[in-house]
């Protein structure tokens, strides 16, 4: 069975596996107080171009979003997200379970519009009842978005401008950041991203590691007692060096970007192939997730041959689906997929 | 200064004040274990036509909504409300602060549409990722709504049908229930309401008492240990008989409905007068809240003369405002208002 | 039936009732934005001797403790209390329901010992695992305590010294403050209390009003957006002037202290009478709650004649009980009680 | 530097590492829906002797405790634990952060006494104010305890008897379960444990795996929608098969017990050696954690040579410390330690 349903279907890049083997008989202090974590932090600080960036390792995406958002908000504040944002839709209420509303704006191919954000803030403070409402307290976006789309540098800067005008931290969910950075259609580098936003995370789980996400506070803005907050939220790994290993390898010799590039090369190749067969796309995605629109009949035909994600019905007889490539996808796999379409 | 900004600008109906005086030297057990509360409960059971309805007194509306919703939901569930619902907009995140998402549907003049609710439920369980989402766990509506509108009996029954199909309790916020029941344009009686829905509250604060809301569980469906839940949520009044007094009086000799009728009579009189002066309305409200549309110029003219609520801008030069009557509004006050318009 | 079971068995001091009557036909803005609230705040600022003290009205004790503690703590912090503290025992987990641990110290007749608090803090920061624990974030005491006892000025200052050494706000639950201030055995005045501690509340419910507690932040230390926090916690009364009336009257012409004095006079008279009959006391209480120890036989005899609180078993055949006087207790009632003993 | 500070200082048993390698190029469905997880579940069901035991994998101990406890309690309930219980002391308030009080009983060498539990429950329901308190809703113990001690079968059954009398689920934290099962001084087998208690977890992190804990519901008593609850609490691993691998290997050919046995053999050898040198012990531990009492002078001498945990001061000049062996400890390491003492 071909598998294109998502980008977390396979273990990890061989460098990480090797490091796990090499260190398996070594002994380490627990709770990320080890040298490998320290080395990984240094490499990330260098990669993001901020020597004093504050880097914290977590295991997965949902707990990372929950921890960052809950820690940066006051209890009377909510987080602004587009309706299709991961925190609004696919985290089983993890954000609300910590007491915070997700305040929504319309999604434009998964993206937030700076003007709409400004309008929201203006309206909020103009409303005579605003003290009876949830205060917008920070902004959540993802890059790439859940629809594979990317913000341009100008768009990010426009969002940041509104955020800073209203003292809202701008937070970027980078679960698939490698694929955003490696896209052929982006002007946002890791350094630019770090410079513009207030906090973001570098995704490992979907980009080549066994697990792991690296939160980066870029502006000396780490919430107080973040170590303890992480533990309280259940996000402190006892054998913390395992997280260190993931990122120490990903950030050695540009591996993170190279893994991203493989997914992009395969996605572009797949996209071309699908388009050549005459399928339209739900939208034009510049990253590893592609959303062709197929007849329900065709999809039935694919059953048992390839796994994909059902995205959304387009009309009575057509459905948009998602095929995702990853750091591990091979040309052979894509060719097999194309042969089926 | 004339005051039409809301329906909680004045103390209470004289019967309540007298009862407070008459009982001020009596001694009572605390925490609502007194005879007056017991009497009030009996009267409400009779009024709603359900002898074993379970009645609990609270002080105000927001804590009532918070308590009922948090108690009836599982931690992984959210409450479905229209976007304009009080719990979604004007409770400072009280619902989310207890861990629950407010899942929104579009508002139609403040009301929820049964078909849209069914569609939401269908889509939810059809989504292959539904276990990663917040489960819709109950439905919140208000009657009258925040826009003064009312559900017909048929509309309520349609909502209840969807709710019961999906095992969702249907909860009605009756902050202004007296005005809904007394409307000239309703086929929903208190008994019908109680029969159809699973839990609702009878508003006192906005309908003639100093404070107080009476939660009514109609179907032997009170959450376990509700006394303790109420205390934990900060809703247990030490001198509980004060709440008993409010409702024992409101439900003596049909006072609650009579108070409602005054507000309706005054609202209809006001509505006619405003219409006669040529002002259009944002919508056609059958209850005590009326929403005329006025020029911003006219509104400027009213400054310092009458208090009202600014509702929403209609266009560059016009704004919808709210004038509310209440159980205490007099014809003289309405005449004075009309003279200004 | 005689009632000495607690100090919230009767309505309110006549001045408040009269004010309710006098203002019942007046119209007020909602949510405590009225002139009566403003007047009450001024009077309290004067009484506590701090012109810019920040005063907020709440309805009852448990929600007040919940709001103050949750607002002043970070999510990773807990509140330090003695084991017998109200927040630890009798609030149905209201504190924990907002996410905070109650960290306990031993109670000495209901009081906290400054040395034990210092020891707790020393041990906490000396523990190599302290970052894996709940941080002690503020200190809660009550004055009078749940056992009727009082802190001396020196004891309060000793506690405050430890608190300030470790940056812990010192919070005083003054549910029965009138009885503490009016005690014949205290050197703590309202002004001294306000000067020493960081935040406290002046109890109304148990000291002569229908309901109401006044939170006083004494050191320009009100948590941000406290209005919204109060609403989110369900503590915002729509007809806020009703709270204003309680405190505007209590703080006119020294009424609060006079009400306290009546309870103290009656308590001292009752205490003498009980002692004269040969009953020992669980402890020596200088306020309105007295804890005689009686045989279970005797208590059986009192059934149906007088209400009291069962406090704790002393041995197989004896039980400590609580008789409470209040602002409303008469000499005649005490005489009737003594006649029964 | 010798490392005896805890039992999570080294990667994993070679079988797990090999399996990670062998499967690294395979593709799996996410979120634990893979065959390896299914196989691991089957093996655990067999090992615990309950074919329909419900098994759920988590990553670490604190989130496991948080998830189980929060899911099995009503919002007005707390969990009963001894004062030294992990949930009461070392989880940064993770339990309270979900709204639940930890209700404490005295610890007897880390263990809970069934009689004291029964007394707590009796007193609770005998108290006339119990509805104003936190309801004891389940019981948490650990086996081995934080002090390395073990419950006998009779002690577990006595606790279970009280629990079932009061409808309290009995939950066992088995972070170090392998070491309890392999102890030379226990009559509790895995099957007996599963038969007696209501829910427990089998610890992987401290017993030979890279990470991972397996929750076992033994009595068809899994809380509703547990998949979603796990996700909401941040405990759902995307690449779930990694957890499957840990437990599929640990439960192949009795590996889990063999790993436990190594730690026990090394601990007994170490204990003998330490005793032979004349050091007393804080208590008699039958598992992998040993708590000798040493002079502070001696401890100073060990600095830089061996890592251990400081447990608690015994007197001015002596301190109890913890040396822990693990599945990976070698005789050579213990000999080196003993040479230093």
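Letters A, B, C and D mark the chains as written, and numbering starts fresh at 1 in each.
The rule is simple: a contact is a pair of C-beta atoms (placed from the backbone, for glycine too) under 8 Å apart; a residue touches a chain by one contact, two chains touch by 3 or more.
Worth saying up front: this structure is predicted, and the values here are computed from it rather than measured.
*Asks:* So which one's got more C-beta contacts, C-D or A-D?
*Replies:* A-D
*Asks:* Counting only C-alpha atoms to place each centre, which chain is farthest from chain A?
*Replies:* Chain centre farthest from chain A's centre: C.
*Asks:* Report, in whole Å, the distance between the mean C-alpha point of chain A and the mean C-alpha point of chain C.
*Replies:* 50
*Asks:* How many angstrom between the C-alpha centroids of chain D and chain C?
*Replies:* Here the centre of chain D sits 42 Å away from the centre of chain C.
*Asks:* Based only on mean CA positions, could you tell me how far chain A sits from chain D in angstrom?
*Replies:* Once rounded, the distance between the two centres reads 34 Å.
*Asks:* For chain B, write out the residues touching at least two other chains, lowest number first.
*Replies:* If we look for residues of chain B contacting two or more partner chains, we find 75-76, 91-93, 97, 99, 131-133, 228-229, 231-232.
*Asks:* Mind pulling up the chain D residues that touch chain B in the complex?
*Replies:* Contact set of chain D toward chain B: 70-71, 74-76, 99, 131-133, 135, 224-225, 227-229, 231-232.
*Asks:* What does chain B use to touch chain C in their complex?
*Replies:* 3, 5-6, 8-12, 14, 17, 20-21, 23-30, 59-63, 66-67, 91-94, 97, 205-206, 210-211, 228-229, 231-239, 242, 307
*Asks:* List the residues on chain B that touch chain A in their complex, please.
*Replies:* 75-76, 78, 89-93, 96-102, 128-129, 131-134, 309-310
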